[in-house]
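The same subunit A turns up in both complexes below, where it pairs with subunit B and then with subunit C.
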Partner chain A sequence: MARLVVMGGGVSGHTAATFAKKWLGNDHEVVVVTPNSNWNWIPSNIWVGVGQMKKEDVVFPLAPVYAKAGIDYRQAKAVSIHPEGKEGSDKPFITIEYTGQGKEGQTEELEYDYLINATGPKLNFDATPGLGDGNGQLGPHTVSVCTADHAVHASSELKKVFEKAKTEKQKIVVGTGHGMCTCQGAAFEYIFNIEHEARKAGVRDNLDIQWISNESFLGDFGIGGLHIKRGGYAASSKLFAESLFVERGVNWTIGAHVKKVEEGRLEYIQLDGTEGEMEFDFAMLIPPFAGVGLKAYGKDGSDITDTIFAPNGFLKVDADYTPKPYEEWKASDWPRTYQNPTYKNIFACGIAFAPPHLISKPMSAPDGTPINPTPPRTGMPSGIIGKTVAKSIVDLIKHGEGAKLHEASMAEMGAACVASAGKGFKDGTAAALTVYPVVPDFEKYPGIGRDLDYTFGEIGLAGHWIKHILHYMFIYKAQLKPGWTLIPE
Partner chain B sequence: MASVDHSIEKHVKAYEPSFETMVPTPFVKFMRTCILWQIIRFIIINIKMLLVVKKSH
Partner chain C sequence: MVKELVVYPDDRILLCSDVRDFKDESLPRLLNDMKETMEANNLTALSAIQVAHPFNIVIIKKENGEYWELINPRILSREGNFISKEKTSYYPDIELEVPRYEKIQLLYEDRNGKSHGIKVEDKELSATIQRKLDYLSGGTPLDKVDKNYREQVLQALAGKGLMPYSTDVCPTFSNKDYITSFLDKLLFFMGLSLLTPLFKKFFNWSNETVAKIYTFDKFGYIATIILLIVYFIYAQYEAKKYRQCSSCQIGHQIGIMIKRFVIGTAIAVGAYFLLGT
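What follows is the complex of A and B.
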């Protein structure tokens, strides 16, 4: 009997673990190690953050689902990987520290035959002074929608601002809290949901809503923007994004790295060296992501973290990590199997794998401060990669080490994305987008890097209906209810 | 005769970034939440998304 250990129970890890268990059956063991007791459908956190959903609507307990699936669930955080075993044993293992199940604080060694790192990101609030509390958590000056609890807090703070806006002007800032952030899409959704709710509450005229982000142009979204066929033209996402901001009366500051956050104000520097500050009564700033800080040790106890992980803490996989300028980047730099090159029984999926480089063009301020979005690895690609990795490991277990690995390169994979711009059955809107491939391939699609027949986008009520249906569909799928495998990632 | 909604144009200011992009006309805005039209778009968008999902798996 082989044992697959999956570190992380988010979209990618949960997908990998549940499919692996379905395909392996009871002949082999699947263990999930995650510090969380709940699964969270993160894309709907923005609706919790504006009070349109409750926390209970976007989370469910993992334990009963894993019990039903026959998956061994450990509510614990992974601490270190020991891919060569230890003195007296060649069996690889990880060390974990329990965060629940009545064993809080206890540590344990967990042996594995195959390991998937799907730990997701560390929300690195402390990368920006004042954005964090100095202990790695969200600081007191801003709010976040990165977790369901953060979103609940954001909603209660937003209510206070709306209440004050009934009688006085209020300033709202939403965007990215550092020059190296990803997930602009979540901030984009949140700012337009705030604007939508403000109109419904009759306080819009008293709100000054500002966008700040590290994108060099609106509509970059960390994927270098995209082009859409419209009116006989292949039009840039910049036009559509700017159009929406103007339509909804939201001003923007882009190419910005937030240097510092204090109570009611922030300081930033832009790509052209301009320095400025913004005052706010309410701010939601996405933090940069980093690896969760896992360590790795050799058989003799030596630190081999640098062998397994990239400097940003994400796991090295079969990508081409050779440093090269933007002009020399190729689609083939991107990983296909997500297997660690040193330890072939270790894989990564979702945000936890180290991308070879950015997707957006690297840029910096005159003082050298890097200001560029980092590559998104969430949503549909995250699920597809998780399932692909599970397939490979199942084949390795069933057919031996010679089994061919399955492939899912982000440079050959599309993504469907629905970005909410306001919730409501009759007056809601969302931008429904597809992009193919996620990572532009300028050799295959010269000029714009993507297939225009499969890359499209439009905003409207239909997009909102789709986003709302997806909310229920993916929670249904994650709960492994009848027919769950028929719902695509 | 119904009045034309110029509420969007009020956000545009000459020689500012808002002046350099396109803005939707009242007709385009109306169609975004027109139930009948959006039912049609719902079907079309779903088909387009399913094609991308199929191509990506």
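What follows is the complex of A and C.
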């Protein structure tokens, strides 16, 4: 009997674990180690953040789902990886520290035959002074929608601002809190949902809503923009994003790295070296992501973290990490199997794998501060990668080490993105976009690097309905209810 | 080499992509071709896609005759809004009114790939750069205007209508409607006064009452003439403001005035014979 240990129970880890268990059956063991007791459908957190959904609508307890699936669930955080085992044993293992199940604080060694790192990111609030509290958590000056609890807090703070806006002007700032952030899409959705709710509440006229982001153009979203087929040609998401900002009266400042956050104000520097500040009564700033800080040790106890992990804390996989100038980046630099090159029984999926380089053009301020979106590995690609990795491991377990690994390169993978711009059955809006491939392939598709036959983009009420349907569909799928395997990632 | 300009309805304009490789030897050639095309067509600004090269390049001809090459330009922030009247070689012979930012903070690269930042504070230059940038994301300046206005322009370009003006939205209610509304009520009461002989007969109204009503008619008629003059003057102002609006045309206004003048005069004559004598 082989044991697969999955570190992380988010979109990719949960997908990998549940499919692996389904395919492996009871002949082999699947263990999920995650510090969270709940599964969170993160894309709907923005609706919690504007008070349109409750926390309970976007989370569900993991324990009963894993019990039903026959998955060994450990509510614990992974602390270190020991891929060569320890003295006296060649069996690789990880150490975990419980955060629940009545064993809080207890540590344990958990042996594995195969390991998937799907820990997701560490929300690195402290990367920007004042954005964090100095202990790695969200600071007191801003809010976040990265977790369901953060979104609940954001909603209550927003409510106070709306209340004040009935009698006085209020300033709202939404965007990215650092030059190296990803997930602009979540901030983009949140700002337009706030604008939508403000109009519904009749306080829009008293709100000055500002967007600040590290994108060098509106609609970059960390993937160099999306392209939409228009009369047989390609239009950039820039065109549509700019129109939306004008239409909704949202001001913007882009190409910006937030240097410092204080009570009611922030300082920033832009790509051209311009420095400025913004005042706010309410700010939602997405933090940059980093690896969760896992350590790795050799058999003799030596620190081999650098062998397994990239400097940013994400796991090295089969990507080409050789530093190259932007014009030499290739689609083939991107990983295909997500297998660690040193330890072949370790894989990564979702945000936890180290990308070879950015997708958007690398840019920096004159003082060298890098200001560019980092590649998103969330949503649809992270689910697909999780399933692919599970398939590979199942084949390795069933057919031995010679089994061919399955592949899912982000440079050969499409993604659908539905970005909400306001919730409401009759007056909701969302932009529904597809992009293929996620990572542009300039050799295969000269010019924009994308295949126009697989691009689509529309904004409107139907997009909102799709977004809302997806909310129920993906929670249904994650709860492993009948027919869950039929729902795509 | 002078290149052929891409002109509406050629939809090759709907393409975009950044310049990635600054070592590509075709880049300086394209920049020179663009300049020669600008000279030949007497243009002050040109996007590469306007000569069918899908690269994010804009060239601006400065007042001193120098050319300013903007590669992969991006607007990082902006201030103020205004309506800019613009002509562009893609839509020849028409003038568009497009909302633009007054000042922009621009980031761009030169032909060697070196980044530069500049704050453009001149309104006209700012609008020109924004107009050229509209072509760089797979669109045209028409993507920046109001939907109805865009439809009207496209109809006009298809030969199915006149070119609209951005302020040329026919008002559903105009201030001059207050004047006609008041006039109509006044004429109604003046018309009602023609029934005074009947009221006098059935309700025994005194001659004094009849005289008061006749006085009302006299002042009413003078007020009608004054109001019609005020209406005409104000209507002239609106006729200039909403040039494409049929209800704002002079013929329509004269019709309204003649109709009310005739009715008012007829009532005044009737009142003179029925009440004044």
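In the analysis below, the second predicted complex is superposed on the first by the 486 of 489 C-alpha atoms of A that agree within 3 Å, B and C clash if a C-alpha of one lies under 4 Å from a C-alpha of the other, contacts with A are read in each partner's own complex, and residues count from 1 in each chain.
One rule holds for everything that comes next: contacts are C-beta pairs under 8 Å (C-beta built on N, C-alpha and C of every residue); 3 or more make two chains touch, one makes a residue touch a chain.
Predicted, not measured: the structure shown is a model, and the values here were computed from it.
Asker: Could you classify subunit B and subunit C on subunit A, in the superposed arrangement, as clash or fit?
Answerer: clash
Asker: Does the superposition put A:Glu327 against subunit B (first), subunit C (second), both, or neither?
Answerer: Only subunit C is touched by A:Glu327; subunit B is not.
Asker: Kindly classify A:Asp272 by the partners it touches after superposition: subunit B alone (first), subunit C alone (second), both, or neither?
Answerer: Once the two structures are laid over each other on A, A:Asp272 reaches subunit C alone.
Asker: Examine A:Ala234 and indicate which partner it touches, taking first as subunit B and second as subunit C; both and neither are also allowed.
Answerer: second
Asker: Identify the partner contact of A:Val246: answer first if only subunit B is touched, second if only subunit C is, both if each is, neither if none is.
Answerer: both
Asker: Looking at the overlay, does A:Gly402 come into contact with subunit B only (first), subunit C only (second), both, or neither?
Answerer: neither
Asker: So, does A:Phe217 touch the first partner subunit B, the second partner subunit C, both, or neither?
Answerer: The second partner, subunit C, only.
Asker: Contact-wise, after the overlay, does A:Gly105 reach subunit B, subunit C, both or neither (first, second, both, neither)?
Answerer: After superposing on A, A:Gly105 lies clear of both subunit B and subunit C.
Asker: Going by the contact rule set out at the top, does A:Gly368 touch subunit B (first), subunit C (second), both, or neither?
Answerer: In the superposition, A:Gly368 contacts neither subunit B nor subunit C.
Asker: First (subunit B), second (subunit C), both or neither: which does A:Pro482 touch?
Answerer: In the superposition, A:Pro482 contacts neither subunit B nor subunit C.
Asker: Same subunit A residues contacting subunit B and subunit C, which ones?
Answerer: Touching subunit B in the first complex and subunit C in the second, residues 238-239, 242-243, 246, 252 of subunit A appear in both lists.
Asker: What residues of subunit A sit close enough to touch subunit B in their complex?
Answerer: 238-239, 242-243, 245-249, 252, 380, 384, 413-416, 426-427, 429, 432, 434, 436, 454, 456, 458-463, 465-466, 488-489
Asker: Could you list, by residue number, the parts of subunit A that touch subunit C in their complex?
Answerer: Checking each residue of subunit A against subunit C gives 216-217, 224, 227-228, 230-236, 238-239, 242-243, 246, 252-256, 270-274, 326-327, 361, 363, 366, 442, 447-449.
Asker: Please name which positions on subunit C make contact with subunit A in the complex.
Answerer: Residues of subunit C touching subunit A: 11-12, 14-18, 20-23, 54, 72, 74-77, 99, 105-107, 115-119, 137-139, 143-144.
Asker: Per the contact definition, I'd like the list of subunit B residues that touch subunit A in the complex.
Answerer: Touch residues, subunit B against subunit A: 8, 11-12, 17-18, 20-24, 29, 31-35, 38-39, 41-42, 45-46, 48-49, 51-53, 55-57.
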